[in-house]
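Got a structure for you, questions after.
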Amino acid sequence: MPDFRAMFANSDFNVSEGFFPNINLQEKLNWAEEFIQNVLIPRLPEAVAAHFPVELGTTLVMFACAGIFVGVVPLLPLVLVLAERKVAARFQNRTGPMRVGPWGTLQTLADGIKLIFKEDFIPPQGDRLLFLLAPYVIFACSFAVFAAIPFSQNILVSDFNIGIFYIMAISSVIVMGVIMAGWSSNSKWSLLGSLRSAAQIVSYEIPLGLSILTVVMLVESLSMTEIVASQSNGVFSWLIFRTPFTFIAFFIFFISAIAEVNRTPFDLPEAESEIVAGFHTEYSGMRFALFFIAEYANMFAVSAIAVTLFLGGWEGALPGFDILGGMPGFVIKTLALVFLMMWLRWTLPRLRVDQLMNLCWKYFIPIAFFNILGTGIWGLIFPEDTLVSITISCTIIYSGLIAAYAIAGRVMAQKPAPQPS
Amino acid sequence: MENTQQTESKIIELKPFADEMVVNMGPQHPSTHGVLRLELRLDGEVVREAIPHIGYLHRCFEKHSENLSYPQIIPFTDRMDYVAAMNQNWGFCLAVEKLMVLDESKDFEVPERAEYLRVLICELNRIASHLLSFGTYGMDIGAFTPFLYAFRDRERLLLLFEKICGARLTYNYIRIGGVSEIIPIEPGSIAEQNYLDEIEQFLDYFEPLIDQYNELLTKNSIFTERTTGVAVMSAEMALSYGATGPNLRGSGIDWDLRRDEPYSIYDRFDFDVPVAVDVPELGAVVGDCWSRYKIRMDEMKESIRIARQILAEGLPDGPVMADLKAVRPPKGEIYFRSEAPRGELGFYIVSDGTPKPVRLKGRSPCFSALSALQELSRGLMVADIIAIIGSIDIVMGEVDR
Amino acid sequence: MTLQHYLVISAILFTLGIFAVLTRRNAISILMGIELILNSCNLNFAAFSRFVTPPADISGQIIAIFGIVLAAAEAAVFLAIILAIYREFGSIRPNEVDTLKG
Amino acid sequence: MEFTLKTFIFYGFALMTVSSALLVVTVRNIVHAAFSLMVTLFGIAGLYVFLQADFLAATQVIVYVGGILVLILFGVMMTSGRLEMPSQVKSHIERGQLLLGGAVALALFMLLLTVIANTPAWKNRIDDGTALPPTTERIGELILNGPFLLPFEVVSVLLLVALIGAALISRKEVRD
């Protein structure tokens, strides 16, 4: 990791490279102060510099950064909502929104503006305070996750040394917002939806966490930047290919992540054909938009985490994607996973509650435990990543895939087309 | 304190299961297929009791009919099962035609051309109805895309209907003694040829799609998980509740009025009646939601077969309307049933010799099938209720009439 | 910040927890009081670990982690018992649950 | 003491913790109490961060907010119905309970304050701001390869027992 103190110390502050300086939790609150001390004050006139309120300045700088962050990241869902509608339309032989803007590109903006002006309905019998608060809890938590996602070497808000653990902690708080929303609406559909959601998120957090654990075991660090840094030697150093177990862990992680963000086939909490809209049934206007934005932000966040943990993060190793510290590569990989989620959503039906729980507790959790065991043994056999270990791993993965394909093909072939009568 | 405790203990007595929740599903609910209201008594997600409440779409059609002449009643039958309105028209017309010839003195025959047109259009209408059922069932289970595919294909069918009768949903096309001549298609004309070609094109386009839909939804493992083995309606149960049509055949009973009590010209066509069988690979057992659904998918193919036979023969020449001066059936009563897409559609008509019926009663298949819901749903989950409603394929316009 | 800051905060939490346990009439409120007490203890452990022991020794934090684990186990069992009681008595107020035989 | 941004945030967290804990104890609505408990737990997590116990802070959020609090809320919702009585029916006994509880709590608080004020040696120890090495690794070593191995195993067995016990107790009896 580059020494950012040194970077600040030589006072030649290169904005393009270090605008989002890396910080450590141990050095918390320091970077803004150092920015003022080393960059700002030397450029100010002498008289001002002597009386410059460093504390206040630090606060302002931090708020400004937070403002940029809060201002920029919500644009992401705006794009993703449009993308989802267009993707859905293509899947369904439609064109999707076409009226607002060229090819309908401004449709989500128009919808957002419409939602702002809609009536903000609050159920009179509900719990007013919690009803008003709930969207903000969910919104804040889903955006707090972005604080630890490294878009590239330098474009990240903060490099916690417990990065991935922090992300898990923050995303587990979303449940509280969901319960808040469901309970305060004073609607049985909302309550059912929120309880479903809470049960689902709490359950799927376990395989999710266990899959993350396999990665952490291999990298021996919780820091997101270090996890990415360990995958810097080309495609085959990506953690997904490192051992056969991480390969399985990636799929468990990704499927659990889909369940965490409540998307089809795990969209029971907001299953519109069963419980109307789940926990946000009673919400309208801007508060509904907040839920919507948070949902898409979450979707992007879990994909970004999956890319960071398993698919090499910004260390693209794809030629041409090293510009801007690898950020385009990172974003492209993330969007590919987001597209996969959309693909699943517009193809698959929805599971039932008990099937959902079965899948989690009877399949994912045992497999995830098995993965941890296997990764541990693998780590004992191959303490270092070598060409040999990666070759063996990839061989096992490919032969496993081929075997699975062959077995699946045979099963499909044996299956006669069911023809009653 | 004493007082409150007493009332509390009373409350506990009245409501023995403290953890029970009563939920009204409907009448405004995305997947109760209209305005069905279900009163669900839930224990968590498990349904203790699902009590259907109907009547939100009741229009007194039967009482109304007593003040209308027979031809005037036909548009009302459109509004019964508005998804398959052609078949409803036909069922009523068949009953009246039967009533007309009760008296030996009067004799008339529906022209052959009209019979062919009726069968052709009604089989296409059956496809349209089953397509809607397929699409909405997919949506009930959570897959949105099949719904739009189904509507895309249904749209082509509706255009075909529009071409022949001018309407897309409530046709009023089949009349007593023949079919409507509002948009006349001359026998042997280019218009007729074009129309039949268009139907042929549609069938060619649609037939392979059924297999695609089977791949997309029917054999999807999540879909089979959700529907196989759920809400098994045994053959006895189906009979005792009076379930008919696909629901009856889904329970393994081989019964189809078109074959077993052939009316019109169905005896001239060669078609199979799909009946549910166990499909162990998918876990399906006779009588479950999947079987009922699959019957509809298979029936679409059979309808295509019938339609193709008609297209191969070509429409016979002749008029499309019998020579009827006035519809004035003799004194008497009749019950006639026909096979609508959702099951046996029966009409009971009492006539006193005037142009208006004294009493008219419709036997709607959905009403009988819906009555099985309460027993089927006991002990299942909320999501299963949706699966059952979709699989028995109700149309509230027909239930409430 | 001195050690006393943390100790005073934790003392306040502890007192509030005790107060809740003594006065609240709902078993779940009492559980929340117990959670406050446990948290105040954990905070104390973490504070002592930071201020009293040498910086490299973080045994206090580990004890706090054990405390959190114990709180989780306790909450699970507590709520299971509450559910069973609610099914039996239709109430979860401790002074109404006075029958020894179920 | 110099008033810096750090102290400002510290006092913010402290205020958040204490005031929301007060709400937990006083608010009538039990769901509101549970959600203020969430704020308390967050505040404590923040204080852990100030103590440079980052792993502990994240654990606090995951286990308490994501786990225990959800459990508590589930408990509240499953047993909701006639939870909080209207305030008029408060009987004398309960008022007495309130007084007595308050007195005991106040006395306890005074006692604790006295102890805190009179503790020798390290009572005024100041956070000198020295950065500790990351704790995660040390915690892992101490738990899995150090003196805390036995307690760790015991705790894991305890958790398992609690899990099975809770599942057994809350299981629904088959009604005959």
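A, B, C and D are the chain letters, set down in written order, and residue numbers restart from 1 in every chain.
Keep this in mind: contacts are C-beta pairs under 8 Å (C-beta built on N, C-alpha and C of every residue); 3 or more make two chains touch, one makes a residue touch a chain.
Please read all numbers here as calculations on a predicted model, not as lab measurements.
Once CA atoms are averaged chain by chain and compared with the all-protein CA average, the nearest chain turns out to be A. Farthest from chain C in terms of Cα centroid separation is B.
Chain centres here are Cα averages; for chain A and chain B they lie 46 Å apart.
One simple way to say how far apart two chains are is to compare their mean CA positions; for chain B and chain D this gives 60 Å.
Distance from the chain A centre to the chain C centre is 33 Å, each centre being the mean of its Cα atoms.
Touching two or more other chains at once are residues 52, 55, 59, 67, 74, 78, 81-82, 85, 132 of chain D. Shown for chain B are the residues in touch with two or more other chains, namely 8, 18-19. Multi-chain contact residues, meaning those touching two or more other chains, occur in chain C at positions 86-87, 90-91. Residue ranges of chain D in contact with chain C, taken from their complex: 7, 10, 14, 17-18, 21-22, 24-25, 30, 33-34, 37, 40-41, 44, 47-48, 50-53, 55-56, 59-60, 63-64, 67-68, 71-72, 74-76, 78-79, 81-85, 94, 97-98, 100-102, 104-106, 108-109, 112-113, 116-117, 122-127, 130, 132-133, 135, 138-139, 142-143, 147-148, 151-152, 155, 158-159, 161-163, 165-170, 172-173. Every residue of chain B that touches chain A in the complex is listed here, in rising order: 21, 23, 29-31, 45, 138-145, 148-149, 152, 214, 216-217, 219-220, 222-223, 225-226, 272-277, 279, 281-282, 284, 291, 294-295, 298, 381-384, 386.
Chain C contributes residues 1-9, 11-20, 22-26, 28-29, 31-33, 35-36, 39, 42-43, 46-47, 49-52, 55-56, 58-59, 61-62, 64-66, 68-77, 79-84, 86-87, 90-92 to its touches with chain D in the complex.
Every residue of chain A that touches chain B in the complex is listed here, in rising order: 88, 91-94, 188-189, 192, 196, 264-265, 267-268, 271-276, 346-355, 414-421. Of all the residues in chain D, the ones that touch chain A in their complex are 4-6, 9, 29, 31-32, 35, 38, 49, 52, 54-55, 57-59, 61-62, 65-67, 69-70, 73-74, 77, 131-132, 134, 136.
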